[in-house]
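In what comes next, subunit A is part of two complexes: it sits with subunit B in the first one and with subunit C in the second one.
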Partner chain A sequence: MIRNGKTGQMRIIEAILASFIIIFALSFANIFVITPTSPKYEVTELQKLGYNVLHDLDEQALLARFIYNREWDNITAALRVLLPLDVHFSMTLYDLQGTTIDNATIFYGHPETFASSKNIASVTYGLAGYATKINDAYQAIYEPRIVILRLARG
Partner chain B sequence: MVSAVYDHLIAILVIGAIFVGAVVVLPTMSYINLQAVDQQQLRNTALNIFNAMLLNTGEPTNWGSIRDFQKNDQRVQRFGLASAQESTFFVLDPDKVQRLVVGNPLNYCDYNKVRELLGLQNYGFRLRIIPPFNVTFLSVSLMGDSLCYKARVSYLDGGPVPNAEASATVVCTDGKDYFNINQSGTVKTNSMGICEDIIPIGISDPDFYTVILRVTVAEVATLIVTSAQTFNNTIARINIVYDTIILTSWKDPPDYNFQPSENVWIFDIATFGSRGSLWKLFEGDEKGNDNMFNTGKGPFERWFRDFVGLRAFQPVILILNFWAVDPATGRGRHQVLITMAYPELLGTSIFEYGGFPYRDDVVVRVQRSVGISGMTYTAEVWLWKESP
Partner chain C sequence: MKKFITQKKGQFVIIAVLMIAIMIISIGALMHRAVTYYRHEPWEEYLTLIGAIELNSLRLIELSLANYTNTDSPDQDILRTNLEKWQTNLTRMYLGYGISLNSSNCCLACDWNKNSSSSAANAAFSLNIASIGLTGYKFMAKAFLNLTILNKIDNEINVTVRGEDGTHITSLREDNFQVSNGIMILNITSVASYYEPKEIHIYTINCSENMTTPITVKVWDERGIQVTAKYP
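Coming up: the complex of A and B.
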């Protein structure tokens, strides 16, 4: 009789443990659930925005001019007017050896945004060179630049 | 003893199965996950709608420029705002966007019609066209035979825009015969985003003067604003459809029982384009019949004229100089009307069209920069699901 009673207690303990396991499993699974503020969606959206802006500037022959002529204020202003208000950005320029150009500060937003945001998009855009006017004739200079634009919602 | 071991082994297997079931099956049924799938579907739909709106020309391709456009015109088979004349993507046709302006005197497509054309019966949407920056006049004053202005250029967050290029055009009238437009050189904004200039206008104490300021930031975005002295414009509403300027009555339908008002002659029409140039379109006098209309009688469309190449000129502002005899005093007077070529568009205010989401609705937002009449704006589409 006593033995049967102990087995019944064990069953209850097992059931409680099973419940804990189920609760744990649910909580564990929720970590992997793609929620509406998922970094995956947000980053894709920001990447599209960033690439579109760089492509538009390049099509207007402004991106190469700003970069090769080191017009950092102009490129910052252009990005600020073309990107939505809540999008913060930081742009870094490299040559083919991976050296940063001029340590140029092309930045908008709060410094903490990039330090704390989990959803940071990065867009890489390449420029082959720039045509400059020498003695009334345009001369193309092959001097590749790699533009890395980082974007985050502020 | 052995049966207890079997008992526990089976219990472990059952608990394992429950664990796996909980991990795999339950989350797919959970509300959050369903919401995420909905969100992804909504995002895909928003992207498709965004592209349909901004990349398609619609059918017919010139639907915005149909001259006798009816409200929710049945001839519009497919919806799209892209310009059929442009080879570049994301350039919008101002005539088509103008057909979204609710209250357009030359008719428009309402929200339900556009939703039907886009196949969005169970969705709500909102289209917003946002200017890239702001320009505000701080002061405009006369100083002898010159005019001084001071304006501030700021980003949408209120921060100043240094080094923006501004050039002013001054319109002034005096007496019956003096109507003049002067253009100044370019000045740059200072570190506070402020620009100022003095422009000689040739006369002192004009009857009317106003400044049209064209501001360009980093050669990429331009805004054109006026410091127009506002008056209660009862003369006519000014519209452009492709190459045609159309003046319509303020009363729709015209109230023929209303006391006929004055005869009005159009003395001058000029337009200011997005590239900064000025085009004097028309010059008349008070003897002409083809440039006269009456504000109180006549058809709804008071006056219209084609100006070949007007659309290609990318007009932003229209300047109309009227001459009318005041019935009260019996004396003639000038009335200068400065208006945006496409009302509600191309200014510093945000153009909005569509519905409003409820507070609990999940809203997806897609954005991109677009060109309208040579100016750069940000187009934004909001999309949400509505219960059928």
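Coming up: the complex of A and C.
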């Protein structure tokens, strides 16, 4: 009777130890889990997104056209289409002296998003120039522009 | 051995070993799935940066060629000057990246006033980005435009327009062309295009006046690069 009782205690201890092993293994695995929404990589994810969007627009020769022809509504619309709905953006354009161009407001989202968000990504994109047609003649002048695109999730 | 087999406890040992084995395998599989569920690849950010520099270096070549072909007194050094400025300005644009762009073999040329005329520019680049340890990333950037006058029938001229690697440019309209007979600029009534097996894509330029040869055709593509061809 006593002998049977001792065996039962051992089983309980074994079960407890096994539970500990499982819990420990699960918590250990949890350390390595990085989901796409992980705040650890949120900023770099937004940066990648921003770079890709600007690069896509530039490849289609649209980015330079919008910027040099001052088509602010078109660039806002293009960014709204290309970026996910929950991503808010603010774009500022500078010349090489650091002066903002036209104080252009290329913006989407709530102003508080950029004030309150912990994860704001900033993307810099450089443009060399654009050939514009003025009075049936093309003017192709080297006139670099620096595009700063700030992104945050709303 | 016989004693071990006949013992009832032996069964529990086997069951326990099996359960532990299942447990280890399950945890292993779970951990593998957990660590490979999402893998962050830090170099992806830099791929787009390299792509942006490459693309805008090409834009600079196109811009320089457009400038060269649209000026009455072309500056032969325009490409070299622009490249030098671009190399300096890139460092200021992308502060903190340690970007250094070097160019070589830059050349700019126009072969005009022939049946088949061309404008071309190219440069070889070598890119270093110190912040990611990238050194000696080489790429070529070239801009090219060719205009060939195939024939002239009455007041119609058939031409082909090709870009880099001989690809046909198919998006040109009336305002991309100009026709003159050496005395005056002729009025273009329409520009139609069609496909045929040999030349693939042909533009037919219709002018309101009857043309006397020789005729000169100018074309500007979307990038502003100009080519002037003469027929015959």
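Note that in this section the second predicted complex is superposed on the first by the 108 of 154 C-alpha atoms of A that agree within 3 Å, B and C clash if a C-alpha of one lies under 4 Å from a C-alpha of the other, contacts with A are read in each partner's own complex, and residues count from 1 in each chain.
Convention: contacts are C-beta pairs under 8 Å (C-beta built on N, C-alpha and C of every residue); 3 or more make two chains touch, one makes a residue touch a chain.
Please read all numbers here as calculations on a predicted model, not as lab measurements.
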item: Touching partner for A:Y130 - first (subunit B), second (subunit C), both, neither; value: second
item: Which superposed partner A:T105 touches (first subunit B, second subunit C, both, neither); value: neither
item: Subunit B versus subunit C as contact partner of A:Y142, first or second or both or neither; value: second
item: Partner chain(s) touched by A:Q47 [first = subunit B, second = subunit C, both, neither]; value: second
item: First, second, both or neither for A:N74, with subunit B first and subunit C second; value: first
item: First, second, both or neither for A:P84, with subunit B first and subunit C second; value: first
item: Partner chain in contact with A:A64 - subunit B first, subunit C second, else both or neither; value: second
item: Which superposed partner A:L96 touches (first subunit B, second subunit C, both, neither); value: second
item: Winner by number of subunit A residues touched, once subunit B and subunit C are compared; value: C
item: Subunit B/subunit C common contact set on subunit A; value: 14, 18, 21-22, 25-26, 28-30, 32-36, 38, 41, 52, 59
item: Residues on subunit C engaged by subunit A in the complex (per definition of touch); value: 16, 23, 27, 30-31, 34-35, 37-40, 42, 44-45, 48-49, 51-53, 55-57, 59-60, 62-64, 66-67, 70, 82, 85-86, 89-90, 92-94, 175, 220, 222-224, 226
item: Touching residues on subunit A, where the partner in the complex is subunit B; value: 14, 17-18, 21-22, 25-26, 28-30, 32-36, 38, 41, 45, 49, 52-53, 56-57, 59-60, 62, 66, 73-75, 77-78, 80-82, 84-85
item: In the complex, subunit A residues that touch subunit C; value: 14, 18, 21-22, 25-26, 28-30, 32-36, 38, 41, 44, 47-48, 51-52, 54-55, 58-59, 61, 64, 96, 124-133, 136-142, 144, 146
item: Subunit B - residues contacting subunit A, complex; value: 11, 15, 18-19, 22-23, 26-27, 30, 32-33, 35-36, 39-40, 43, 88, 130, 132-133, 155-157, 161-164, 217-221, 362, 366-369, 376, 378, 380
